[in-house]
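In the two complexes below, subunit A is the common chain; its partner is subunit B in one and subunit C in the other.
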Partner chain A sequence: MKKLLLALTTSAAVLGFAAAASAQDKTKICFIYVGSKTDGGWTQAHDIGRQALQAEFGDKIETPFLENVPEGPDAERAIERMARSGCAMVFTTSFGFMDATIKVAEKFPDVKFEHATGFKTAPNVATYNSRFYEGRYIQGQIAAKMSQKGVAGYIASFPIPEVVMGINAFVHGAQSVNPDFKVKVIWANTWFDPGKEADAAKALIDQGVDILTQHTDTTAPMQVAAERGIKAFGQASDMIKAGPETQLTAIVDTWGNYYIKRTKQLMDGTWKSEQIWDGLKDGILTMAPYTNMPDDVKKMAEETEAKIKSGELHPYTGPIKKQDGSEWLKEGETADDQTLLGMNFYIAGVDDKLPQ
Partner chain B sequence: MRIELEKRPRPSTFYAVLSPFIALALTVIVGGIMFWMLGKDPLGALYSFFVEPLLDVWSLHEIAIKAAPLILIGVGLSVCYRSNNWNIGAEGQFIMGAIAGSIVPVVFHDWHSPLVLPLMLIFGMIGGALYAGIPAFLKANMNTNEILSSLMLVYIAQLFLDWIVRGPWRSPEGYNFPVTRNFAPEAVLPEILASGRTNLGFVFAIVAALLIWFMMRYTLKGFEITVLGQSERAGRFAGFSSRRMIWFSMLLSGALAGLAGIAEVSGNINKLQPIISPGYGFTAIIVAFLGRLNPIGVIVAGLVLALTYVGGEAVQLTLSVSDKVTRVFQGLLLFFVLSCDTLILYRIRIVLSGRTAAMAQGGAE
Partner chain C sequence: MGILEAILLTVITAATPLVLASIGELVTERAGVLNLGVEGMMIMGAVLAFAATQATGSPYVGILAGIAGGALFSLLFGFLTLTLVANQVATGLALTILGLGLSGQIGEPYVGMSGTKLPQIAIPLLSDIPYLGPILFKQDLIFYISIALVVGVNWFLFRSRAGLKMRAIGDNHASAHALGIGVIRTRYLAVLFGGACAGLAGAQLSLVYTPQWVENMSAGRGWIALALVVFASWRPWRVLAGGYLFGFVSISQLHAQALGLGIPSQFLSALPYLATVVVLVLISHNRRMTLVNTPASLGRPFVPDR
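Now for the complex of A and B:
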C-alpha cells in the first residue's frame, strides 16, 4: 500500500512538473469570480469576457479562473494562489475583493492586478469599471416614450452608489423626454435571487407601472413582465430569449474588449496603474438591439447612444434637482466622477425614500 | 421487505481505528473515477487535492487559517452535543460575537491602547454567549426546541449584520459601500510566524480544544456532561441539573463561536462587511461529528476539512474544473467517513418478515 502510494504521488508529481513546464512560455491572465461562471448575470459576463480574451490571443495566453470565491479571507487566499501560480495579471471581479487585492498586491509587486468596481489603487493595482449609467439614461428615454402611465418600476439590488447612480440616470433620461416621469423602486437586497426578483416585479406591476427595469441579475423580472404583457429592459446580458416580445433593449457588459486592451498593454509594457472608468465609446458596455418599439423611439435611442459615444452628451447634465428640491447641477453643468462614484442621494422624480 | 440498522453488540475497535482510512481510500477511488469520467487526469487531481497543499509552507498556513474557526466552534459544539443540547446556531453566535467584538474598533476607533485587542476578544465571547443564551433561556424555561430557535436566530444575526454595516456602522471613507472602517493595527490579531499569515486565532483554537479535552476527561464537569447527555434521569439521581447543563453547554459553545467570529474578523477581514463567514458555523457541525465529538478528534477533523477547501481550490486551478466538482468531492469524503462509522456501530439487516410481506400484498390488492 505504501509503495503504491509512493508510486502514485511520484507519478503525479512528474505529471505536475510536466504541465508546469509546458505552461512556461504562455502568459497567464487569471480571473477571480465571486459567483458561478454560469450565473446568467454578472460573473457570466466576466467569463464571456475571459473567453473573448482567450480567443483573441489563442495559444499565447492561458486564462485560469477560480469561481464562487467568497468575499473575505478566502478571497485573499485565492488571489495569492493566483499570484503564486505564475499569473502575470489577475482580474478580481467583485467589489468585495478590494482589500484582499491590495494586500496580496503588496506581496507580489511584479504581478499586475485589476480590481473591478473598487476605488483603491497601488502601483501594481488598477481599477476598472463600466459607465453603466450611460445605458440607463438611454433606457430612461425609451421608457418615457413607451410608457402610457408615465411610471416605471425599478428593481434595485443594494443602496450603493453604483445602483443609486443607475436609478438617477434612468430618471433623468426619462425626464428629458417627459418632465413628469416617475420611477418606483423596490430594493430586493440581492444581486441574484429569481424568487425575490419576480416578487418585486409583480409588486411593482400591481402598483401600476407599465415598464420594468432591473439592477439585479436574473431573467425572472423579464419573464414576469412578459406574462403581464408589459415591456422591460434586460441587465448584464442580452435577455431577449426570456422576453422576445418584451425586451426593449439591455445593457450588455462586454468586458472582453477591456480585457483584450489591458492584456495588449501588459504585453507591450505600456500597462500602468489607473482608475479606468470606460463607457459606451470604449465598448466595455454595449446596448442590445433596440426591439419591440416603434421606429421613431428606436431612432431617438440610437441618436442618444451616438451622442454619448461622441462625447456630445453627458447623461448627467444640469439642470438637475435633488429629491428634496435643492439644486444639484446648474444649467449645462455636468457631474464629476467623484460625485457620481459616491452618489448617495436621489434626484427629483424618484418615488422612493433612499435607504440610509 | 425492509432494511434495518441494528446496533452491533460489540463494535470492533480494530475497524473503529481503521474506519477513517477505509473512508479515505473509498473517496480516493470514487473521486478518481469521477475525475476520470470528466476527462481529467485522476492522479493529478488527487495529488493537487491531498498532497500539494501539504508541501508548501504557504498553503500549510492557509490550512491553519481555514481550520481555526472550524476547530474553535467545533469543540464548543462537541460539548453541547455530548450533553444532548443541539445548538445548530453557531453561525449566528459567530456573527454576533464578531459584531460585539467590533464595537471597540468601530465605535471607539479613536481609542488606541494595547487593551483594545483583549477587550475585543472578551466582548466577542460575551456577544456569542449572550446570543446562545436566547435559545438556552427558551429551552430551560419553556422547553422550547433549541434546534429550531438557535437555527432561526442565525438568520436574524445575518440580517442584523447586514443592517449594521449598511446603516450605523457604515464607513465614512467607504463611498457608501456596506463596510465598516478598517480596524486600526492594534485591533488586528497578530500573526504568529514570519513564514505566513497564520494568526493567534489558530492558537486559541488549539488551546480551547486542549482545555476542553482536559475538562471532559479529568473533571467532574466532564463526567456530568457525559452522564446528562446519555441519560438525563441517571444524571438527576447523581444530583446533576439538566437545566443548568443547558445553560452551561449553550453559553460555552456560544462563547467559543463568538471568539471564532471576532478572531476571524480581527485577524483576517480587518473590518465588518455584510458576509463574514462562508458558513463556518454550519461546517463546524460536520467537523464536530467527524471528530466524533472528541476535542482532539475535532482538531484533526478541522484540519482535514480545511485541507479539502484549500486542495479544492488547487484542483480548480490546475485542472480547470468547476468548484462544484470539488464540492462533490468533499461531499464524497464526508459521506464515506460517516457511513463507515455507522457501519462499525450498526449492521444492516434485511428483514423479510412474513407479516409485513403479507401486509404489503394486501395493500397492493
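Now for the complex of A and C:
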C-alpha cells in the first residue's frame, strides 16, 4: 500500500518538477519529510525551517519537498527522484533515511546531501543535528521541581541513540534537583500515531506519573495531559495551543537558521561535508516560553539555559552512573560527542530496561 | 479508580473505531464486495466530523458529518465498482490514497486546533452498578452505537429475510440474480453501510480518541479493521471479540512497559497483532464452517446479462 502511495506521490512530484524545469537559474534546495508538514511536531518544524529559507532567498531558490516518505527501502527511491530532478542540495530530515541517503549520494556525486540526526557521512553527505539533550536537561530540572510524586512519564519512539540520549539527559537533569527522581518509559515504536501516543499517555498517568514528556511527534499526549490535569512538555514545536494550562515549556526546533547557513555556503562554494551538531547557543533549538510554573522554577530554568548557552554547564557532567551501577563519568568529567551519538545504555534512575 | 478500571476504559476507546469499521466492512463483504478503502473512508469521516464540529460547535453534528462523509465517499467506490465494474481491489486502494490526500487538504485549516470532545452519557441506574457500571454505561454515544451495530448486524444477517438475501448475493450473485434479488441495489446499500460505519469510526478518532485533527491520524486502523473481518471469518460477534482483544493487548503492553517488566518493547508492540490473529484463527479453525462463512463471490464483479 505504502509503495503504491509513494509511487503516486513521487510520480506526481516528478511531473511537477518537469513543469518547473524551465526555471533553471533557480537553485533547488529539496526536502524529504518523514511525516506530514502539518503534523504539529517534527516535520512541521522542518517545514517552518524550509519556509524561513525560502523567505531568506526569495526568487533565487526553489524548495520542493516530499511529505510522508516512509523510512526503509521506499525512501531511497524518493530521495533518488529528488536528486534526479535537479536539486543542488537535498535535506533528508529523519534518522531512518540514513542508509538511503548514503546510497543515493554515491550515484549523484554533484548533489549535496544533508542528513538530519544521523552519523554516516560521505564527501557529498553532511549530517546535522541539534543538541536536544540540552533542552531535555532543563525539562528534567523543571519536572523534578514540579512533580509531587517524583515520577515522570516519558513517551519514546524508537530505541535509537538520539532518543536514549534525551531520556538520560532528562533523568540526569531531574536528579540534579531530586536525586530520587524516577522516570517511567513507554516505547510507542512509532513517531506518529496520535491514538497510540494518547494511549501511552493514559497508561503512564494511570500508573501514577504526574509529569509527562514525549519524544513522538503529535500533540495527542499533551491533550491527554491537559484532560487529566497534569503538566507536560511539548516536543519539536511549541504545543501550547494543545495545552494552554498544561505545557511547561517545549523544545522547539528552529532549523531555519541552519538551512540558511548551509544554503549560503553552497552558493559561495564553501560547503563541505561535516558532522554538525549545534545547540541552544547556535539557535538551532530554542525553549518555548516557561509557563504554568512558579517564578522560582522559571528562574532556575532560565539560569540553567543561560549556563548551557555560555558553555559553563554541560548537561552530561559527572558523576553519572550507568543503570547497572557501574561508573560512567567521574566527578567533573563531561561526555564526549562520540559516546553521546552512540548512546545505547541508560543511566541510573530510569525505571525501564532498554530494548536492544 | 483502580488500575484495571483505567485500563478497561482506555481499551474501550481504542477498540471502538476498530469494531465500527470492521462491522461495516463485514456487511459490505457479506454482500460480496471487497472494499479496501476503509482507511480512506475512515480518515474522511475523521476530518469531516472535526470540521463540522468546529463549524457548528456541536460534536453530534460532527458525528452526522462523519457518517455522511464516509457514506458519500463509499458511494464513489460503489459507482466505480458496481456500475462501471472496475476492479474492486484497485479501486479500494485508490479510495484509500485519495482519502488520505483529500482529508489532508480539507483538514489543513484545522491543524493544531483543539477539538471538542464528545460528552459522556451516563445511563440511569445501569451506570450505578459497581465496577462495570461506570465502565460500560458511562460512555459516549459512539460506543453505544458500536455495540448496537454489532447486535443489529448479527440479527440482520442471520435472523432476517433481507440478511439472508444479502448473504445469498455474497455467496452466488448469479443465482441470486436469477431468483430476482436486486444484486446491484443490495450491494450499493451494503457498500454505503460500510462507508457510513467507517466514517463513524473516523468521527470517533477526531471526537473521542484524540479530539483534534492531524493528517493521517487513522494511522493504519482501517487496515487492522479489514484484517479483523477476515480473521473473524465474517461473524459479527467475533469482530467484536477481535477488536476488543486487539485493544486490550495494545493497552496492556503499554502498561507492561510502564511497569518496567523488562520485556522487549518491540515484541510487546507486535503482540496485539500476534495475539489477535492467533486467537481468531483458533476460534475459526473449523474448516467447513470457515468455508460456509466466507462469501464465495467476494471481490468478483457482477454484470447482469440482459
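The working rule: the second predicted complex is superposed on the first by the 332 of 356 C-alpha atoms of A that agree within 3 Å, B and C clash if a C-alpha of one lies under 4 Å from a C-alpha of the other, contacts with A are read in each partner's own complex, and residues count from 1 in each chain.
Please note the rule applied: contacts are C-beta pairs under 8 Å (C-beta built on N, C-alpha and C of every residue); 3 or more make two chains touch, one makes a residue touch a chain.
All values reported here derive from a predicted model rather than from experimental measurement.
Residue contacts after overlaying the shared chain place A:Asn129 against neither subunit B nor subunit C. Of the two partner chains placed around the shared chain by superposition, subunit C is the only one that A:Phe192 touches, whereas subunit B remains out of contact. When both complexes are overlaid on chain A, the residue A:Lys184 reaches subunit C alone and has no touch with subunit B.
Shared-chain residue A:Pro159: touches subunit B and subunit C both.
In the superposition on chain A, contact is made by A:Pro355 with both subunit B and subunit C.
Of the two partner chains placed by the overlay, subunit B and subunit C both lie in contact with A:Asn68. When both complexes are overlaid on chain A, the residue A:Thr254 reaches neither subunit B nor subunit C. Residue overlap on subunit A between its contacts with subunit B in one complex and with subunit C in the other: 8, 36, 68, 159, 189, 355-356. Contact residues on subunit A toward subunit C in their complex (touch as defined above): 1, 4-5, 8, 35-36, 38-40, 68, 153, 159, 184-190, 192-196, 198-200, 202-204, 206-207, 218-220, 223, 227, 241-242, 351-353, 355-356. The touching residues of subunit A, when paired with subunit B in their complex, are 8-9, 11-13, 15-16, 19, 36-37, 64-68, 70-74, 76-78, 80-82, 84-85, 95-96, 99, 119, 158-161, 189, 341-344, 355-356. Here subunit B touches subunit A in the complex through residues 41, 43-44, 46-48, 51-52, 58, 62, 65-66, 162, 166-167, 175-178, 182, 197, 264, 268-271, 273, 275-278, 309-310, 313-314, 316-318, 320, 322-324, going by the rule given at the top.
Partner subunit A is touched in their complex by these residues of subunit C: 1, 3, 6-7, 10, 13-14, 17, 93, 96-97, 100, 104, 107-108, 111-114, 117, 205, 209-212, 214-217, 219-221, 223, 250-251, 254-255, 257-262, 264-266, 269.
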